[in-house]
Amino acid sequence: MRLNVPTRLRWSDLDPYGHVNNASMLRLLEEARIEAFWSTEATTRETPDGAVTTYRGNSAMAVLDGRPDAGTQSIIARQEIEYLVSIPYLRDPLDIQLWIGRLAGASLEVCYEVWSPLGTDAAARVLFTRAVTTLVLVDATSGRPRRISAAERDAWAPYVEQPLTFSRRR
Amino acid sequence: MRLNVPTRLRWSDLDPYGHVNNASMLRLLEEARIEAFWSTEATTRETPDGAVTTYRGNSAMAVLDGRPDAGTQSIIARQEIEYLVSIPYLRDPLDIQLWIGRLAGASLEVCYEVWSPLGTDAAARVLFTRAVTTLVLVDATSGRPRRISAAERDAWAPYVEQPLTFSRRR
Amino acid sequence: MRLNVPTRLRWSDLDPYGHVNNASMLRLLEEARIEAFWSTEATTRETPDGAVTTYRGNSAMAVLDGRPDAGTQSIIARQEIEYLVSIPYLRDPLDIQLWIGRLAGASLEVCYEVWSPLGTDAAARVLFTRAVTTLVLVDATSGRPRRISAAERDAWAPYVEQPLTFSRRR
Amino acid sequence: MRLNVPTRLRWSDLDPYGHVNNASMLRLLEEARIEAFWSTEATTRETPDGAVTTYRGNSAMAVLDGRPDAGTQSIIARQEIEYLVSIPYLRDPLDIQLWIGRLAGASLEVCYEVWSPLGTDAAARVLFTRAVTTLVLVDATSGRPRRISAAERDAWAPYVEQPLTFSRRR
């Protein structure tokens, strides 16, 4: 099963060529990944400033606590990206399709296809980008990888699908 | 009348202090401004890459064509920002309240108040930031300021309110 | 006395108009400010990853420990920026001139003029931007402002000059 | 032969974990690539604003005209990155070592190793990141790939070396 994560561009993602910059693409994938994986639980906390922090994930995958000071940090070990069609400025959110290509002991491979906005005529839809991120779960205190828990494995298993194959890899 | 523009943070807006970075704040105001002012007309264009560009504004203010190659560029002449409370990581969109403090011949002053997400208990809502941007409409061909048109003035007049006063200015 | 801080653009500071984006300008001022104020002391530390951290300031102003986990955080309370001439892509570093407009108990006002690169024919030099940042020194543990120390005051006093006056302010 | 490109971090490259963000890494590689490939010729041009644009490459590779409106655009078709050790905040520039892994008809593969700053004790130097970018030269007018010219091939041939091998690839 894939998760569809609508993800909005910002004007500042564009470079002087008028296209989404290659590095900005990784920021967009990061936003989609956070939306997919970070905690479904609505938690509210007072900060020292008196401001209120709310977290709320929207997918069944969203079982990681992504607060900056949470016990687990998601560290990126590897990324591979194919930029197939350059992305113009779009007001409607990109349709980022996300799934898990591989669940290992302490790491997972997140696969993405970045499509033009949903709602566009299906025949006209464009696949802009394909990417894979290898994510390692790290214990924030020890700085060492930690094993994927049973609860995480249960939440993520439905999203395991065939990994992406890249056409331009040598 | 003020316009409420829900505007989402990105993880990359935070700096190592775990707060929204001061420069990222301007990116958020930029997104709110674009959402407010750029074209309501849904336009679809083929790009040379075959990708489809759609524009769709959601407010009655949205009468500017914001495409990178449009006839008018919105140039920023001046900004003033007060950072009242530092902003933690929030998944729910900030409530950016936007209005026009002054409509001149070829320029306007956009005022903002950046509040914690709507939906939070009203008593707990926090005013994070106050800002003003002076925007000049520039003819993209000549590079010279151009006058605000009658249609623009009509669209924007309902949003003219008392300008912001800054408490920390000297 | 002013400090000249050569500060390089990045390609990603430009937006689709081909100019330095208004928010990127604040990132450039941030880099100049860090270069000016953060520790002259060369310190070396092992990180948990085995990587080595070195800090080395180059100005007599550089007496703040700017490490992410240092005892003091420099928090920005206010900024005011006038964008006089839009900045094209430049390979040579901008000449950011920086001084202190006001030294108060727990805060200071940093003033900047952003000029085209040094080495250009003097007559052809362009003043791109003028800005002021109000900086508050905050104790990282308590989150409360802390007083400027005598050593900091001594280091900074030579750089106190007449504050900037803005021409476009209302 | 490899080219050593000293490349400075910015404070805003760090994320709340206190490390260089994965997407920021690509901005750093972009800066190194521009430094390596973009025009050695010092050109000066008046912009419509009266500002002066100067370009000056520092390597023998630097034969591409990288101005936003130049005849050729360098488009990125593919990237692969291994993040080996997370990068803390560093004031001294990273040592980005850059070479060409493959020169094809209209494209090239740029290889990078990102090392801790030069000048550190050699034994203590750390390899942070390994990456490959596939670059396609595109004619800005037609939007079609164009062949690498004889002059470009001559300039780049000395930097052709064994391509990177990735250890974590599956």
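Going by the order they are written in, the chains are A, B, C and D; count residues from 1 in each one.
Operating definition for what follows: a contact is a pair of C-beta atoms (placed from the backbone, for glycine too) under 8 Å apart; a residue touches a chain by one contact, two chains touch by 3 or more.
Since the structure is predicted, the reported quantities are computational estimates derived from the model, not experimental observations.
**Student:** Please tell me whether C-D or A-C has the greater number of C-beta pairs in contact.
**Tutor:** The comparison resolves to C-D.
**Student:** Which integer distance in Å separates the CA centroid of chain B from that of chain C?
**Tutor:** Between these chains, centre-to-centre, one finds 26 Å.
**Student:** Quick one: report the Å distance separating chain C from chain D, using the average Cα coordinate of each chain.
**Tutor:** Between these chains, centre-to-centre, one finds 27 Å.
**Student:** Would you mind pulling out the distance in Å between where the CA atoms of chain A average out and where those of chain C do?
**Tutor:** Whole-Å distance between the two chain centres: 34.
**Student:** What residues in chain C touch two or more of the other chains?
**Tutor:** 11-12, 14, 16-18, 23-24, 27, 30, 49, 68, 86, 89
**Student:** Tell me the shape of the graph of touching chains, choosing from line, ring, star, complete and other.
**Tutor:** complete
**Student:** Give every residue of chain A touching chain D within the complex, in rising order.
**Tutor:** Chain A residues touching chain D: 16-17, 22-24, 26-27, 30, 68, 73, 75-83, 86, 102, 109, 134, 163, 166, 168-170.
**Student:** Can you tell me which positions in chain A touch chain B when the two form their complex?
**Tutor:** 8, 10-12, 14, 18, 27, 30-31, 34, 38, 47, 49-57, 66-69, 85-92, 116-117, 120, 124, 126, 128
**Student:** What residues on chain A touch chain C, complex-wise?
**Tutor:** Contacts found on chain A: 11-12, 14-18, 21, 23-24, 48-49, 89, 143.
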